[in-house]
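In the two complexes below, subunit A is the common chain; its partner is subunit B in one and subunit C in the other.
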Partner chain A sequence: MDNQTISARQYMFLVIFFIIGSSILIVPTPLAAQGKQDAWMSVILSILFGVVLVMFLNKIGSLSSGKTFVQAAIFVFGNWAGRLFCIFYLSFLYILASLVLRNIGDFMTTQIIPETPLQFTHTLFLLVIIGGTYLGIEAIARSSEIFMPWMVILLIFLTISMMPQINVDQLKPILGNGVLPVINSSSIVIGTPLLEMAALLMIFPYVKEERKAKHAWILGTIIGGGVLFLITTLCLLVLGSDLTALNAYPTYRIGQKINIAGFLEGLEIIIAIIWMLTIFFKLIILYYATSVGIAQFLTMKDHRPLLLPLGMGMVVLSIIAYPDVAYFETFVGEVWLSYSLTHGLILPAILMIGLLIKKRVSGS
Partner chain B sequence: MWATIAVIAVSILIFFLEFPRLKRKKKTKEMWWFSTLLLIATTVSVLESRNVQLPNPLDYIQSFYTTIHSWIGL
Partner chain C sequence: MKTYNFPFRKLLLILICLLLLTGCWNSRELDELGIVVTLGIDKTDEGDYILSVQVINPSEIATDAPTSRPPVSTYTTTGRTLMEAFRRLTAKNPRTTYLSQLRLVILGKTVAEEGVMPVLDLLYRDHEFRTSFYVTVAKNAPVESMLSIITPYEKIPANKIMSSIENVERHWAATKGVSIDKVIASIRNPGEDPVMSGILLLGEEDIGTNISNVENVDAPTKLEIDEIGVFKGDKLVGWLNELESQGLNYATGNVHSTVITHPCQDEGSLSVELLRTSGAMKGKIKNNQPVIDIKVEAEGNVGEVDCKVDLSKPEALEKVNKQAEKAIKESIEATLAKAQKEYGSDVFGFGGVIHRDQPKYWKKVEKEWSSYYQDVEVNIDATVKIRRKGNSTQPINKES
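For the complex of A and B:
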């Protein structure tokens, strides 16, 4: 789009935020429900899968040589088939963005500001996102550098202040139910943040040095997965698997248990700050990817005029998406993995095959 | 009623915020796409504010994948 570049380190920060954002909120509950006290092991399995996935996505990034996913698809499959291909990818990004918006809206209305209607929370949050997207990827990347130390400090503070309440017995018996539940529940983390990383293929071409960017992507995946591992393990150690599975927001619940020497309490808002920061970045990446993708799809030179109309549509979509919590749980539990698998793995795989064939044909 | 008026007011505001800038630069294609998208978004928002039952794309996704799952026996 516009001639902006970001450094490999900034890209790594964006990847970390992308992985933590919103999954830190919704992942521990289903993990503990399926994996019980061994849920922490399944996060490690998922990170291993994530590294392999990122190597595969890296390969596509270098094959498409400076083109975003949409440009590469149109380049490979031609004007019509390529556009049809992109409709699936872009609708995936748009729906994903509105679901992420709904996550933060649901959390705010149930836990912090219960009397504000959902529409207003969504609109206000989205206005900031639109402002950030308007400024472009450079501004987004620089702000990620500013906010990363804050998130690290808050995470360290949270971990240290939880130390007195940790009970290692909560993790026993290790592998009490066998290996199968661990493998099954690893699909949760694979589906929620890792397969969504196909969205980052829209940003990958903006990173300055490609070789460094590949390392940054892998490293960012490992660090982001490590934070998810830390949070899940903390929930299990403090609450135990049963309570974690029962709470809608177990990470918020452990924040409420912080009690330093009897006078420092009610620090759960620290966790809420971590969430808002990470979800902000996840949503801004998705929104940027969607709007730039749609602009390239329509062969427009600038994505900025599209931002406000797309935002209006997104507020409506995020509100009608989930009629109730039960719908959300069945959708995420039964459909989401297949949906993100088709759009986060199979679509890029088709693109990669196309790129390889194109390269072979033009090379000979 | 007020919600509908607010939605229409917001879309008029968005229109006058972006459209003159595009017109000054004579970007005809951008002008068309922007207006089309804004029209779609406004229609959907107005319908939502009138409490019309809108089709939920997640329903279609869900029924599609449930069919696939039943084929491969999940």
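For the complex of A and C:
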């Protein structure tokens, strides 16, 4: 949109935050329910898938030569078909953003402030997001550089303080139920967050050097996936697979178990800080992608006038998106994978085919 | 980028801040909270829950000039569910209960015998509960009376019990402090059964509820940590005595330090202080039957000698080693006789060991594990190494 650029390193940080955000909250429970004590292996499997996926998305990024997903789609498929194509993509981003917003709202309401109505949590959270998006991608990327050390420090603190409570026996027997559950449950991490990375195609063109950006994307995926692996494994080691599957927010539960020399207790809010940070970045990336995408869709010069109306819509959508948490669990378990597969893999694949054909036609 | 210049922009910003910085929606001030330190849960004959909460009296705890008011107050009410009982408490307790500082849950005998799973749900689901409290069973008195005793030395009875449990675990190894997630995990695991510490009320209840109880140097009414209560599934089936409780802790590697006493050859006895112990279990299959190998390794000192023995000779210490090993074996065997043969409760987690080491076999027996469990063959191997003997080289009463 505007002529802002970000560095490859900043892009890598954004990718890491994007992968951890909200997945760290919602992924360990279904993983442990399906994969049992082998859930950690399915995270590794899905990271492998993620690397292949990113190579594919990188290819689209370089084929569209500096165009965002929306611009490239309109360029390839023409004004009408291209826009129809974009409606699917943009609605995916918008719905995903409101679900992410609802995740943090649900968590806050369940664990910290049960009597505060969701609207208020959502509105306050979104106000900051809108402020950040108003300032543009450079400001977002720089703030990711500021907050990354915090997240790393808090993660290290969490890991070290959980060490005394680790019980390696919880991971045994290794592959006790065979390989099948491991493969099946890896689809959970593939659905959230890996396939959602198609949203990053809206930001990819802003990275200064394309070659470095590709490496940064792959590295970011591996590091972000590594953090998910670490958190899932910690949950399994401390709580065991049965209790991890029983808890709505197992990472918060292990935070409650931190006990350093009998006086440093009740540090679970530190875990909540990691979530707030990562979810903030995931949401701001999605929000930026949506608003810039819609602006390009409407060939507007500036995405900023869209921010407030989109935000108002999102507060409403996030609340009516699902009526209760049981609905959400079913939705994530049964619907989400196919939804993110069509919009995060098949749409980009169609675009790639289009780009390749277009290149050949114009080349000859 | 165009900046919008609105009149009174700063004023507007300040007004927004005023709105947002007023505090939390859910804010609760300290003087509105009844900080609960102990929960007592039992059942009436009609099947309703009896809920007793012990809240601390902050002005009494913090003051330098104590008054005659007790440091804690106890409220009791009933309800069809615990949640209902908690809300009904508001009719008695002037402050809303705050549960994050909870130290101890005491389950009544009735509820323990009828099954504890239903009462644990709220304690695990509600957001105010942490998992850092111990779950215990009231052994010889109603829960309400246990919660009404005023304890000497520690003003808050819950702190007294909690530190007693920790001390017994650390220095005597005759009990086991279990947190709620451990209890839930072992009930849900088909290859393990839970245990809990018991709590005893000693002396007259009527005296104990009065503050004059702690005006005596030797308080007439006390709370004491008893040994371990054994559950089968979520139902209390019996109790282990001191020796059997230690045996359980040896086998599960839960002994930090303890004392082993055995009689000497002619007269008197000798005590060994164990400083480091480790216990490990391994599962094997022999003739299609599960076999468990328990291996205990311990290191210690000669602690107290009241017999005629020449401690300067290595053979003498070797003999002490052998006797300590025998004592450890005997205590584990005693536990097996009680828990495995009599109660049929898998407190050791043998099923879990088989699951980890022999997953294929476990798949076959998982469903009817309890029928296999009582026939599991157990081999015990204990090694004790005495390293030092304290300040004296010989027994002080040695003749020669």
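Convention: the second predicted complex is superposed on the first by the 364 of 364 C-alpha atoms of A that agree within 3 Å, B and C clash if a C-alpha of one lies under 4 Å from a C-alpha of the other, contacts with A are read in each partner's own complex, and residues count from 1 in each chain.
Following the convention adopted for this analysis, a residue touches a chain if its C-beta (ideal position, glycine included) is under 8 Å from a C-beta of that chain, and two chains touch if they have at least 3 such contacts.
Keep in mind the model is a prediction, meaning the values are calculated, not measured.
With subunit A as the common reference for superposition, the partners subunit B and subunit C occupy compatible, non-clashing space. By the touch criterion defined above, A:95 reaches subunit B but does not reach subunit C. Residue contacts after overlaying the shared chain place A:315 against subunit B, while subunit C stays out of touching range. Once the two complexes are overlaid on the shared chain, A:120 sits against subunit C while remaining clear of subunit B. In the superposition on chain A, A:335 makes contact with subunit B only, not with subunit C. With both structures placed on the common chain, the touch criterion links A:298 to subunit B but leaves subunit C unconnected.
Of the two partner chains, neither subunit B nor subunit C is touched by A:205. Superposition on the common chain places the nearest Cα atoms of subunit B and subunit C 6 Å from each other. In the superposition on chain A, the residues of subunit A contacted by subunit B and by subunit C do not overlap at all.
The residues of subunit A lying in touch with subunit B in their complex are 91, 95, 298-302, 305-306, 308-310, 312-313, 315-317, 319-323, 327, 330-331, 334-335, 338-339.
For subunit C in complex with subunit A, the residues that touch the partner chain are 20, 24-26, 100, 124, 127, 130-132, 181, 184-185, 188-189, 352, 355-357, 359, 362.
Listing the residues of subunit A that touch subunit C in their complex gives 110-116, 120, 124, 169, 172-173, 176, 239-240, 242-243, 246, 253, 256-257, 259, 265-266, 268. For subunit B in complex with subunit A, the residues that touch the partner chain are 10-11, 14, 17-18, 21-22, 27, 29-30, 33-34, 37-38, 40-42, 44-45, 48, 54, 56-58, 61-62, 65-66, 68-69.
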